[in-house]
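To start, the structure itself, in structure tokens.
Chain IDs A, B, C and D follow the sequence of writing; residue 1 opens each chain.
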């Protein structure tokens, strides 16, 4: 029989559950029913879908199998709000999430309350370890959707000619980013991956050895000002700087700058969750694809770090940057050379590592085993979290991943070089 | 100087304006903010877009040019809510209307009120003929959008696995459709087109002569029961029955029945504005394309009428069928053979006539000249109005038109044959 | 029992068969095996496919059913070379005709000889009327493919950066086109359609009455010089001149001029079957779509003729223009005002008539009944034949048809107006 | 000044040049002009294009810059036959290579002879090292295109309903594949990459260290018989076995078996370069995608090797398997357990390694630097060569790469597992 949690651990878990759940609702609050309904592209989900899907996760993996007498809120929600779990059964097509006017935001609020009440019973205990692990997974899952909710609604609002703001954002004080400093690392045989204490996703395991050549990594991410120099040096029109698939993309998509940038008569504007603002050259560049990150690095004479290099360099640094708790919702200007600044927050940083299983990786059995492993192809690893990442969600070993053409996440760039 | 309207005529026009405007709002009332936001395919517009666009029409063609001191409600609405008027300037892409969460339903209600207040000033007169003609055009335009609003929301709701009803619909009493009777017409040189009294769209002019061979036309539309016989005789799988483009469509779209029909274990269900119901064989078949109408006619050994045949046969019949004023919102069962029944209402009837200008047709100068003429290619004429058509909107000379693959309008079939 | 042909008629038919068959081979002779293999777009078929398909027609409709002991040349050719006859069975996908390297040009030459030998037996008689009618249909069918072969190979060669010529073409002497003269017609009740003597396609029947308003028709087609004026007056960029679907096409396809025209530094070049040449302003404009023809007419202040107007005006004129027998393979310059010039040859002329069945039209029973009727939707009628049409193939009642966006046929424009 | 080659080395290089060039022509010889013209999908090039492009390589990188007085064969060939070298200038669109009927096979034979004659002058020396390196690169490049030519024509012929053979292939004697044996490796810090003696592509450098966990690798590739068991166990219909992108592909493409397999009434047939044959269960499975290879491995309870594991295991083995010199042109049946059999030949083996630059990789400056580096995204590494790979072209460090959905190369699978 599985070990039971202590009362203290149960209470802590229940508190984290409540806090996470209510944070999601707080993030949705500035949005109208109409805002919460729109799906602006295949990869984007409506806000109300995020709210329902995260409730579905707890209902499906915890309440239905684990709470005696639980009655699902609605017989069709299992079909409507399954994201991609093949083992759970058929699901509504992802591309059509924006067609669903019903259930509306009020029904979804009721659904969440229904699930929260039942979870409260379940969390009152006693809880054994496997159940607690699933609850923790559900919390982490919901935190991921908090960031997705923000990424997605930013995309939705950006396509509206009215250029509406999600919330008012106080612009940060102007700053001056100096030239980058670098931190060297001797390389050699290093250990990477999760050590096993605290929560980690399956893709962070097992901890294992890698051999690294000596390298150096920049102390801060690439700034908008540096990106402007790339643009001005015709970076978007020089095929020699680009991977072949990247060049095909930049050409067919007619990219001329990062997503959400637009030229004004005299300079550049960027669309933010606070609406349009003047581009600040000291801010980390954001909303660039892997292709752009790679091309910029080639232009600059450097390269992207591997995920192992990034992790080795970030280990032992506190996770205290510009994360979601600051509510800035936009990358903050870099101060000076970046020496001493946190590797966390502001922007996810593209690495040159394809998203692959670690040696000895094993997916968890059952439906939750679909969580990470099945996406390990055609994507690249990003590290460090962004201004939309909850601070208790990020760590040095955390592996985020996107397709190399994706730009709607808060994605940026950090340089590395051979030492 | 243009003639002025009498006080009486002004008052009548103002009353019609108010009634039409408030009817649109009544049609939107059963719908949530979420419902009013969704665009389910390219041809469908969100409900709130219809509400805003019909206001835009009055603002653009009457208030801005004609009401002293009028201030447009919002500087961007001219761009957002122009449907297709090239002469008015650029417009927001039709395919992306479902991306617009803002303005929301409340702002659009305010927009409509703003326009209504200003129109009330304008309609207080004095009004000259050209202005009154434009007001009438705006009213007719809004009536068209009332039908579009219903067609469109039916499509939106139909794609939702929850199968929600727009409103509760009382199912009609069961009925028995007998075999069709026919009315013969001697043909010869006939006159068709609008006679010039009362409102008519430009495409109904000029009245002109056509030579017709003797023909007979059925006294009622084709029923669902007859359509079932077509299905059971393998009608959707026999290429000899179909036009070549129709066969390509039926094959690529995998059509097996009219839109909104679905097989149940024991029979057929159809989705209506009242939600799913059991198929009633006595109802006129609805939501079929021109291709299907043509194939059915070939199978039945008859043909579709030309628009001239339809018009000649319908002339002098009162416009009193199952139209929008009955609030049935669905075709009503045919009683008996159909002899004596109205050619109007229930379903628009496909004719075999391509939508072309009448001899001597001239588009009105200016932007409103884009109303009809520029669509005179690749479409087929339908006649008679449907259960979603306002009764004061339809007449014998009225020419509706859709592409031959369209199925989301309330479209049905009436048989004709050579006499 | 069906009537038998006289010996004389049999011999004439056999001679026409041989002449037509050898003409096809003569048209293919300038083309390499590689040239004959390429399919440059969906609508285009490879030359060797045309050669095989026309043999297949005789094999399928005459030899297999009608010649005792006939052995089909190859068991798979029935599948490979069926164009669109659903009643004959499955067929190889049209879009993939360019994938077939086998059979090669030599096997196809053998196939044609095999069919010709067998047809020679069959044509030695005795022949009854129904068989003779099918032979005549096969000859007419092959003549249509002669024009298609030329249209198609022109498209293939035009896409090759080497700009190769099909054959050397002697450029005509320069000419000066004067301003157009017009011929008036009183209209009234007119008869159109085939009178029943000599061959006619089913779509030309039955002869019937139409009522026409008085009209005038231009004595010559629109010239390249006139088209240049349209271009220079910004005709391709003014939405008010275009049908809505036409404007969508011109925009998405980025049309700026007729197909095969290209700007040089100082003027215009056009690609012809003789390779690139300088544009001659006195030539009839060619390779324009219905959308362009319609827009030009609106710009010029006129309109396209209906097919009935065209036919009424052309009746009693000899069919002696610039047709395939002249081997010019390109429209010839117009001399003077065009008064007295032939309505036939040079370019097919778009009419404003959608391609529809005549009143009382009946398709022939069986597979050959698929010849025309099933295409009677979404297309427009063209009249008069072109420089690629065999002279014994054209007549006043002949109805050609293409989709309104098609440009690769030798299609031009003649103006009409209300009288 | 660069070092000069010895006479001996010059002669050897010239001999290799001549042998390679004439081998290409020998491979094209069984193909008709029509066969050599067809492009069956975007990734496939026509045979005659391969022949021309490999000549273009020598002309562009050696003759034009390096042979005094060299006159290019044709001014447009630089545009027509550039594959992807952005630095060389614009090029004809890859998707349209099948549109080019001209130049024909004879002109291309002349082009090759023209280039060969000029190369013969250049190779007569004296030659310095950089030039010799480019000649060697051109030879290696042409060898790659020999395999591509065979892959591509197999695809072209496979789509023809006549199922034609490229050449007659003598079917191998039947065989019995036993169960696989495995070879273990202790892992640890290993060196991989090219040692620097003999030719290597830039992507094989620099040699570097990797840390490997202990592993075992199968002694032979997966056979068709084993693949049949996967099919029979419903492998193509179980989403739990597939990567998410793989499942999307298998679903949308409706894959049910490897490319070129087709069910017969009683078993399976496969299309080969010798035409259709009965499937031999003892043959290595071929023409599977990365997605299928990965799913099979998961089903079998094993995994794919990494490219480092593959290389470490293959080092020191002679390169003597079923390669192009045997002219079998199809994978040969496995004998027994595979112990002692060559890791080379038969099928390229998918590894689980995304195609990425080695640590310290530097692309060569200039246009030839586009050879490999710019493709290092979205592809997976394959090792070992196939029955279509020239034997002097393959080695342990050789990195081939394809997109994970590609199936038209001779691609197969070898199992690995953790030790």
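Heads up, the rule we're going with is that a contact is a pair of C-beta atoms (placed from the backbone, for glycine too) under 8 Å apart; a residue touches a chain by one contact, two chains touch by 3 or more.
Computed from a predicted structure; not experimentally measured.
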Chain centres computed over CA atoms; the one at greatest distance from subunit B is chain D
So what's the Cα centroid distance for subunit B and subunit C, whole Å? 38
Any idea how many Å lie between the Cα centroids of subunit A and subunit C? 60
CA centroid of subunit C to CA centroid of subunit D, Å: 47
Go through the chains and record each pair that touches. A-B, A-D, B-C, C-D
Contacts from subunit C onto subunit B in the complex sit at residues 84, 86-87, 189, 208-213, 239-240, 242-247, 290-291, 294, 352-354, 356-357, 359-360, 370, 374-378, 404, 418
Contact footprint of subunit D on subunit C as seen in their complex: 32-38, 40, 48, 76, 79-80, 92, 96, 98-105, 156-157, 159-162, 164
